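Questions regarding the structure given below will be posed in turn.
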Amino acid sequence: MINSDLQALITTLEMATLTTIILLIIGTPLAWYLAKMTSRFKVIIEAVVALPLVLPPTVLGFYLLIAFSPEHLPGKLWQQATGQQLAFSFSAIVIGSVLYSLPFVVQPLQKAFEQLGDTLLEAGALLGAGPIDRFFSIVLPLTKASFITAASLGFAHTVGEFGVILMIGGNIPGETRVLSIALFDHVEAFDYARAHLLSICLLLGSMVLLAAIYWLNLPKINKAKGLSSQANRKEGNPDD
Amino acid sequence: MINSDLQALITTLEMATLTTIILLIIGTPLAWYLAKMTSRFKVIIEAVVALPLVLPPTVLGFYLLIAFSPEHLPGKLWQQATGQQLAFSFSAIVIGSVLYSLPFVVQPLQKAFEQLGDTLLEAGALLGAGPIDRFFSIVLPLTKASFITAASLGFAHTVGEFGVILMIGGNIPGETRVLSIALFDHVEAFDYARAHLLSICLLLGSMVLLAAIYWLNLPKINKAKGLSSQANRKEGNPDD
Amino acid sequence: MTDTLLNKTPQLDLNITISYQQFDLAIVLPIPLKGITGVFGHSASGKSTLLRAISGLETPLKGDITLAGKSLVNTEKNIYLKPENRQVGLVFQNSRLFPHLTVLGNLEYAVKRCKNRQLSFDKVVELTELTPLLSHQVRELSGGQQQRVALARAILAEPKLLLLDEPLSALDQHSKTKLLKMMLNIQKQLDLPMLYVSHSLDELQQVCDTLLVLEKGEVLNFGNIHQVIHQLNNYGDNAIIHQQTSLDLPIKTFDNGHGLTALALNAQQDIFLLSDKAFEQQNQLRCFILASDISITLTEPVSSSIVNHLFGVIKQIDNQENNVLLTVHCGSQDFFVTISAFSQQKLSLTIRQQVYLQFKAGAVRTFIH
Amino acid sequence: MTDTLLNKTPQLDLNITISYQQFDLAIVLPIPLKGITGVFGHSASGKSTLLRAISGLETPLKGDITLAGKSLVNTEKNIYLKPENRQVGLVFQNSRLFPHLTVLGNLEYAVKRCKNRQLSFDKVVELTELTPLLSHQVRELSGGQQQRVALARAILAEPKLLLLDEPLSALDQHSKTKLLKMMLNIQKQLDLPMLYVSHSLDELQQVCDTLLVLEKGEVLNFGNIHQVIHQLNNYGDNAIIHQQTSLDLPIKTFDNGHGLTALALNAQQDIFLLSDKAFEQQNQLRCFILASDISITLTEPVSSSIVNHLFGVIKQIDNQENNVLLTVHCGSQDFFVTISAFSQQKLSLTIRQQVYLQFKAGAVRTFIH
Amino acid sequence: SQAKEINVNESNSDDNSKPLRIAVAANFSPVLKVLLTDFRNKTGINSQIISGASGAMFLQIKHGAPYDIFLSADRLRPTQLEQAGYAIKNSRKTYAIGQLAFYSSSKSLHSTEQLSIAQLSNSLLNNPPKRFAIANPDIAPYGKAAKEALSHLGLWQSYKTRLIKGINIGQTFTQIRTKAVTNGLVAYSQLVLNNLPGLLIPSSYHQPIEQQLIIIRTSKRQEAAQQFSDFLLSAQSQATIVSYGYAKINRTNG
């Protein structure tokens, strides 16, 4: 039975990793577009992106379930395209997570892009760097910290997600049964010992993971001279 | 019965507003401290702050319930201090929400503070502005956008929260019964018409609120000359 | 030897207007893409705005810009070439180095995106004296060091046109001289035209062929640098420059045996200045003589340390408060001399009078020495 | 008239070391808090680092700094006064304006936090010519405009000590002159001591009483500005300045009737320069004469436009390549003259020889005119 | 609706490669786990437990959840599913009848087992606790029963405002178990399962808490599902179920 928790862990990692990748792929251009957009529609798009936050996950799950069911258009289209039912599949929980976690990725990135300003991008352009090149050579390294924040918020939120996944995934072992549901089941089944154990593993595991991520991010800190730095750390040539 | 939804709405707004205020009060110094901290412990504190993200809300609720019960230390202390039981009180759901939403406030602020750099703070200090003064006269206006993001993420996440509040709040009308729970109840009780209605109200209301917030934030956008701006908007003297 | 080759050097054709609340730039001008063109003018006269427009950063612009026959912008035809496709380099007034890269990283950024690679990386780094700084973070650099990195970075990108916005303002005399020399060399080596904004006419006089003077967003003057400077001499009481004679003369003898170099002013007359190693490689020397450094005598002076004595005729006399600006014609060259009104009266100078100009070898200034 | 008052002006006592990977600053120096002290030196010689240290921004510092008897830092005693409590102002090399405020907002930022308020806001705004820019966003400003705002902002904070890091580098000659005058006035009005970093010795000569010359993080020279400049004249072949005679003389007659002002060099000898309205309000005038602007004659010259003729004795002869630097003693004042080696031979000048110095009225330079 | 038609032609053939998916109301899943070992030994059929809230599973089945058999915590949802055509005809069966119990985590009421129901109602009437936990009567069958029981005892009016309403009976049990609230009505089976003392509420105080099952129409393992249904209703299984705190099923109302 510990085996089943392991299976849930694997499913969870697969789901969260895939979700995070998709979130970054979708969220980055969206955040960029929002950061640079000047139209009045901007606020509306921003509000729509933030909406999943407001609905209780179970309710969001309820509506997604309706949408994903083969009787309704999105579910029907998916079934026609892939030959598979969307609801209660691994794809469904990934799509649900993406929608649910989108604001956590888009908003930090958008703010980072806005704060970056144009001066360095102008400098890059005049050295011959096109938009994509500028993004990878200037924007990405300078907003690395925000990307890590966005990715870790998105990942963690997906791991901890429960209501949406339960509703549209259906708790099917090996496919849509993730750790958060397993943990919930243990509590529901009064199996507190296992619930505690799993919680502690989850906490420690996440803590190690998060610490590792933030660690990666550490060298960028405190590079500025001045007020805040008690002692300037010196490093050879960390960027090479 | 519509009356009960209205009551839930009021409770929700009270809770979310109070939570957001507390989050900003706690989150801002924490984010500042993390942004300026150079110690190796930083990553650990960052990971701890991010932890509520990883635990499924019901499980977090389960542990909070244990902590808040009058039998255990936090709950006992609270009872001694206030004469009131903590679990199943309005205070409990506010505390729970604060813990649950903390990372959504701390992380965007921390990144904003990190990206701000020291140059302008140095300039402020040499004009005689102390740390608090600098915060309000330089940091706050320059990171306004991130504060709005942080506050709206925190607020929205609190409104949409469900698992934690249900567990530690106990669904008491007028005290801990919030909109997300009411909505869930309608779905469970096959009262789909009301569920849909409430969802739509919630969505539209949030959308208007979010749009209004982002609108407030709009004038700061696109002030930089250059690459991204198609046309520079000119304004008289918006800062006075 | 085709027609077009004979016809004209390629040009940067400007026909633009930019409007801000309190400032309008309106420039219609063909700038020959040859050598270095100086851009001079008071603060806020529109120099940076012009460079930003050419490089494609100033978007609310109307009109058209054509670079060597290629249209960069044409708002009528709705052409707008993106900055990154213009092959125009710009050294910003504030250096704009990439803070996430080291000095080396900043330079490599340019090299990686450079299409020609005719320049030697090591050579440029050596000339800008950046070798010991390569591994430094840019935030550790002093103001002058930052400017040197920005300059080296722009040069290493080897653009088709290089725009320089006060690139040497934070540097001391010694570094300025060195870098100006380098820029001249690179200009010739790559045949890379440059637009050079500076508040120092001395710098411009030494390196520019053409000078553009802006005032309140409009062209005040444009043309051959010597002519423009001479015209600015007569700009009136609110002198915007130190009045001076600007010269570009062939070197006749590098060293006359006494440490003086002789420049051929005309068939009869020479100008002497102190020799410098750097002159050896040159045929031509650019120099200027401040109007206040030249004095007038009526008789040829003797037993004086002053080595330059030129015979000329007063062509024009302009009274400027307590000063008098004389234009003296020597051979084919006009010289500008300011003397006190007192001296003018004492010597009772009049137009068409014959006088001797005298000035010291040291008064013949070359910035690059 | 107490002992301490008589004894000495307040001082800024520096005894600091700062170590970076490739750079060490080590300065032990008492700087009198009187007038303006110039800080001069090559790029990367540590000028900005020094100012940052004094203002409290350079934290990895060892040693102690005392400002008018008050300890700002003392690493031994573990004293570290925060920047905001030092009442030290700093105009940064890059302006560092607050981008979220307008020009007015930036200025008000300083005024609100100022404790004294002796200066008139309107006056400072007018002198820095910022009146039409008050409502502008700072990102709309030109480089020079930004510098003016930064300067006005720092002045309006009315600190106890003002540090200026190349505050005028992006400005044209006209604005520079105006602002230097303003700084002098404010210095006197508030009795506000300043440290002024610049690459332009001309600027420094005009406004500074004391000069500090840095080289590679160490004090190369420090003292009375005229003395230091004269010592730098003899610095060797790698001249770091234009050799010159630096003077500060009483005005004898404002206008001799011919548009010339006479300065009393000593009881017998005067120096003449072109009159300027601005001289009227002054008793004393600071000026310099470039060594290359003075020429030597053996006989008193006649019928020349040159108005200044001084009789003196050659005190020292230094050969510098093709140049010769002469130190000529006239009355009590040393004058520095560079002539070509050629001329020296021609005139066969030797030590203790009596000669006439001649230079034009226009060669007596005051930056502020 | 259209859902009935989907996969209908494949519905008869068992696909043995997949385990039998049993969707079960969370409160019954511990008992089910015990029974399943027996089931596998007897039939060799592999099965999977998917436990959850009946309400959610009801919705999921309506939207095509790939379950074979649904063990609900109530009677309402299976009935509705049957009416809407999601169940195999006549597959709806009552497999267990829940019992309500009074449960207190406080020491004073620790020996509730010895307490008579009359004594309890007296003490509850005279000393109403500040908070009292039951499952939500609007959505949970045990909640509905609890409401009926409280009404029966004449406590409903005074208790209405003190109730902590759990989303389901599991949450109510957790809330008392963690001592966040002292008293409440839980499922008797929960107490038996966790070896805790409590006082059984007579089943006459409330409508029976019938827990029913249905076999899902779209199931590809209808045979195995039927086998499982039969197994669950067998006398031996029923005895086990009753031993875990459920009431005996009166077979007259099939």
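Note that the chains take the letters A, B, C, D and E in the order they are written out, and that residue 1 is the start of every chain.
To be clear about the criterion, a residue touches a chain if its C-beta (ideal position, glycine included) is under 8 Å from a C-beta of that chain, and two chains touch if they have at least 3 such contacts.
This structure is a prediction, so every number in the text was calculated from the model and none was measured.
Q: Provide the labels of all chains in contact with chain B and in contact with chain E.
A: Both-contact set = A.
Q: Do chain C and chain D, two copies of one chain sequence, contact each other through the same residue numbers, with over half in common, or through different ones?
A: Over half of the interface numbering overlaps between copies: same.
Q: Let me spell it out: compute each chain's centre from its C-alpha atoms, then which one is farthest from chain C's centre?
A: So the farthest one, by centre of C-alpha atoms, is E.
Q: Quick one: chain C and chain E, Cα centre-to-centre, how many Å?
A: The computed centroid separation for chain C versus chain E comes out at 91 Å.
Q: Mind checking the centre-to-centre distance between chain C and chain D? Centres are C-alpha means, answer in whole Å.
A: 27
Q: Roughly how many whole angstrom separate the Cα centroids of chain B and chain D?
A: Going by mean C-alpha positions, chain B sits 55 Å from chain D.
Q: What are the residues of chain D that contact at least two other chains?
A: 21, 57, 83, 94
Q: By the touch rule stated above, which residues of chain E touch at least two different other chains?
A: 59, 174
Q: For chain B, which residues are shared contacts with two or more other chains?
A: In chain B, the residues touching two or more other chains are 62, 119, 122, 125, 184, 187, 220, 224-227, 229-231.
Q: What does chain E use to touch chain B in their complex?
A: Counting only chain E, the residues touching chain B are 53, 55, 59, 130-131, 133, 136, 138-139, 163-167, 171, 174-175, 178-181.
Q: Mind listing the chain B positions that touch chain A in their complex?
A: Checking each residue of chain B against chain A gives 36-38, 42-44, 46-48, 50-59, 62-63, 103-104, 107-108, 110-112, 114-119, 121-122, 125, 143, 145-146, 149, 152-153, 156-157, 159-163, 179-181, 183-184, 187, 195, 199, 202-203, 206-208, 210-211, 214-215, 218, 220-222, 224-231, 233.
Q: Flag every residue of chain A that touches chain C in the complex, lowest number first.
A: Interface residues on chain A, with respect to chain C: 119-120, 122-131, 133-134, 137-138, 141-142, 220, 223-225, 236-237, 239-240.
Q: List the residues on chain C that touch chain A in their complex, please.
A: 55-57, 82-85, 87-90, 92, 94, 96-102, 104-105, 109-110, 113-115, 135, 137, 139, 153-154, 157, 159
Q: Within the complex, which stretch of chain D touches chain C?
A: Contacts found on chain D: 20-22, 41-44, 47-49, 93-94, 132, 136, 140, 142-145, 165-166, 169-175, 199, 238, 240-241, 256, 258-260, 272, 274-276, 291-293, 295-299, 301-307, 321-323, 337-347, 358, 360-363.
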